[in-house]
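Lettered A, B and C in written order, each chain numbered from 1.
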């Protein structure tokens, strides 16, 4: 039945679109409302290349996908600076502009008349010029697109994407390159949408601007959210539902004047009703690690802690650091030297510039003046993820865990040098990634073992207790493989017994030659843990010494210890 | 093959006979379904409303008079949401499959262009009474138009302006296929005839705001303003032009009830060229149509309603002629062939119209002037 | 030069219209963080309510405007109470509310088209005055658009700054968590902003009815431009929404001085694109992260 076949073809095309959009919205958390513009690029590329240049399949498709992918990558560049509502608006603007250009550039696009006569696809001289013949091609395209998206989202890259979605700064703090990730995911999403566009042009033999307006983007968004963000099957389901539902509603017989409007009203009501029943979408998000075996208990053949490093060497050094915010001086002339194997404490009143100092040392804030070096190499001005890779990692006072991911995933995503973090390798070096994933699983288990969270490995981070969350922060930081750890109040709000669990962990790290720096308010903790203490006030170190030296200093006591 | 599938699905409606008998006895469907693709929802749903009303009135009248040789007609109206290609194809495929439709009434350019190749392939009779783009001509060999092309109406309008001795034209055109087509045709003629174009502005269909365009038109200091706009925007534009203190003549190509409602007094003196439609006592069919329409819908028919009303009669008449030949007559190509064989039909506009080889009906184009809110016939305009 | 003056005044008039729409939408958006897409059809409903009051009930324009504001406030509050609040209570993501809002948009727009028909509606017999000041023309309705913007946004500003309810709204906009802690009933506040924001939209809706007439699909542009004005100006700032709206109107009008008018619908977006790239927090907004 041709009508049913036609509806199925449309399900395939929208399935591809919803999947491609889910990559951005669901997995990467990027609300870019220009998906119909990417769809349009694919369709116009095929129409123009075949009609004006006479290019044969698959050249039009490949060029269209590459071009749209490139444009998608360009859109990612503003997305690095702006997020949330502003990204919505920039991309909305882009969507409107693209359609205006398609409407007004008449010599190229045919304006509002559109381009007609796009040649049908031919397979072995057999024209795919009706729904029945076209459907296999559409299903094949959907299958390929689904596979690409599946591969991408179930790879270490996909895990990193979700981490970025949960918290961008935390993803940077474990060494992920946000620009690279955004460019890659935009390029893939746009490219897949272009596949749908090309199919559209080949199927309808006609391309006009009216098919790619903002309402199409909103329609795709509804599919993704209805189906469930972060679930590819959900997108397929959402697309199928929203394509088929209006067709079914056409069978509700009503008087002509009100029939189609009433169908839309019922459609709107059903949309709301489904959301009321399943506010999180029809299908939930799945773990990225389903395909890996569950490893229970500590592994005997695991990778042990790395070889202890020599102690007492200068690792991280900040010289004459300066930073002001508008008229407020946050850090002024701060010098700090951290050594391997020792634990340095950073104390001082609120607003003394402690966290700002961390932000400067790890590249999260740029310096007004000063320099930072790591093991003699200048790392001033490097991006946070490069500094992590160089060997300096930090935690956040407000934890910033990847709350929707399991404890194990939180750790695994932070492991360094993952081949699967690079999108091309996801497709071209699958075996290597497969091996690595197994090794990394064991490494992640060991890290969890080390902090005593093994029993919570498969628990979602948001379901952990506060103390467990703090442990997971430590574990995630360890997993980065960095040499210098900057902990921002890792112990605040914990009771004595939990502190007693964490102290030996931190000590053990130092004994292994790691360099540790801790921001802390609790003087008992400082006394018990730290070898050296910096007292910070007004943006620079007022005093440096052992805990007991500083606590016996009467001027400091009057300022801080009351 | 596909037709076979379609036929099997609607077997209940079809009389199946062997091919041997076909040459003699007409092979009739139980009901003749006529498909239609209209803008039933969205920004331009005004069109869908009047087109479907005209269509349904014609079908009811024909059925009351015994249908096509006793076979009843039924309308299957699908929504293309104001000219979306995909929705046009959706609707087309649907009526083809569910009702084995052989004749489809279409409107708007993108959906018509998108269904044209399918209609060609499946040999389905198409008739368009609304879309006005030059691009539609020849999109399918089974596509006919009982509406003048926008460019022809525009040409007639500037010819009239020329006759009035006007020199400086300012244009306000829809940023759409219809507007573009007129501007392209008209600018060339106007300049060739020695006129100048002092402003050529575009507005989006149903734009919320056209003050900038009007200000630019006024700054051009034109002798007249040409409105290459369609319902309801000529009303809005006329109003804004008068608001801006511009008192020059307005010349356009459309006037409907909606235009009148939105434009009100500002349209006084507005001249427009249109397919001639004016119900009058000396044109009994026109008068009967207008009276029937008013009774059914409590509104005066505009010429979109008239075109689709007339289109149904064209389809029914062509079907009658095709059926007279007997056999498997119920196919779009047979119906189209019957039309081409004798392309002259009675027109609800009065007199007759003739479908040309390119599928476009040659209709009388007339000049009207708005006086006291009513359109007043001025003269016929001969196509040059 | 005359053209420039006219375009400038046009920009001011349309900008005022956008600013008022933005003020209503922005109040709702900043306080509840709901992308209230259905603001569009509620704006449409207000225009039809005013039409009904003026044409069918025969009320004077001012009374029709008030009637429209009441209808819009009721619709807005009901939307919050019965559509958004249940999602809020279940702590759904704001995206879900957005799609639900879209569903309501479709329902309302088509409902209006069924009830009132698809043709345009104008107030019979209403005729506005035309003024000519120097080389510049404008109508009494357009003057009304500017005055309405000034009076209503000024009143709103005073209300927010001076009254107990207004302060509660500002506190909730600033930090809902904190507002709850200090004992503000944020649900009540949300209901209030939906009522005020929707009622505000009824005034420009009525003026558009008088100026151009009402159509069932007029709401899409209204909510779109309101959203854009708010983002250009900066979320959470009344001054920002006003500036954003005026800026949009000016750009749209003056931008087309030399650029062909077929770019009308996109020129504001080109500016928007640049503004957000160069100044992501909007013209007047505070940087939010």
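Everything below uses one rule, namely that contacts are C-beta pairs under 8 Å (C-beta built on N, C-alpha and C of every residue); 3 or more make two chains touch, one makes a residue touch a chain.
This structure is a prediction, so every number in the text was calculated from the model and none was measured.
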Central chain of the complex, centres being mean CA coordinates: C
Most distant chain from chain A by Cα centroid: B
Separation of mean Cα positions, chain C and chain B [Å, integer]: 37
Centre distance in Å when chain A and chain B are each reduced to the mean of their C-alpha atoms: 52
Contacts with 2+ other chains: residues of chain B: 41, 45, 48-49, 175
Numbers and ranges of chain C residues touching at least 2 other chains: 110, 113, 262, 265
Multi-chain contact sites of chain A, meaning residues that touch two or more partners: 103-104, 257, 261, 264
Residues on chain B engaged by chain C in the complex (per definition of touch): 41-43, 45-46, 48-49, 175, 201-204, 206-209, 211-213, 215-216, 218-219, 232, 235-236, 239, 243-245, 257-258, 261-262, 264-265
Chain B residues within the chain A interface of the complex: 2, 5-6, 9, 40-41, 45, 48-49, 52-53, 56, 75, 77-79, 83-86, 89-90, 93-94, 96-98, 109-110, 113-114, 116-118, 121, 133, 135, 139, 175-177, 180
In the complex with chain B, residue positions of chain A that touch it: 1-4, 6-7, 10, 103-104, 106, 110-114, 116-117, 129-132, 200, 204-206, 208, 210-211, 247, 250, 256-257, 259-261, 263-264
Touching residues (chain side chain C, partner chain A) in the complex: 83, 86-87, 90, 92-93, 95-96, 98-100, 102-107, 110-111, 113-114, 227-228, 231, 235, 262-263, 265-266, 269-270, 272-273, 276-277, 280-281, 288
Residues of chain A touching chain C in the complex: 25, 31, 78, 81-82, 84-86, 89-90, 92-94, 96-97, 99-101, 103-104, 218, 221-222, 225-226, 229, 257-258, 261-262, 264-265, 267-269, 271-272, 275-276, 279-281
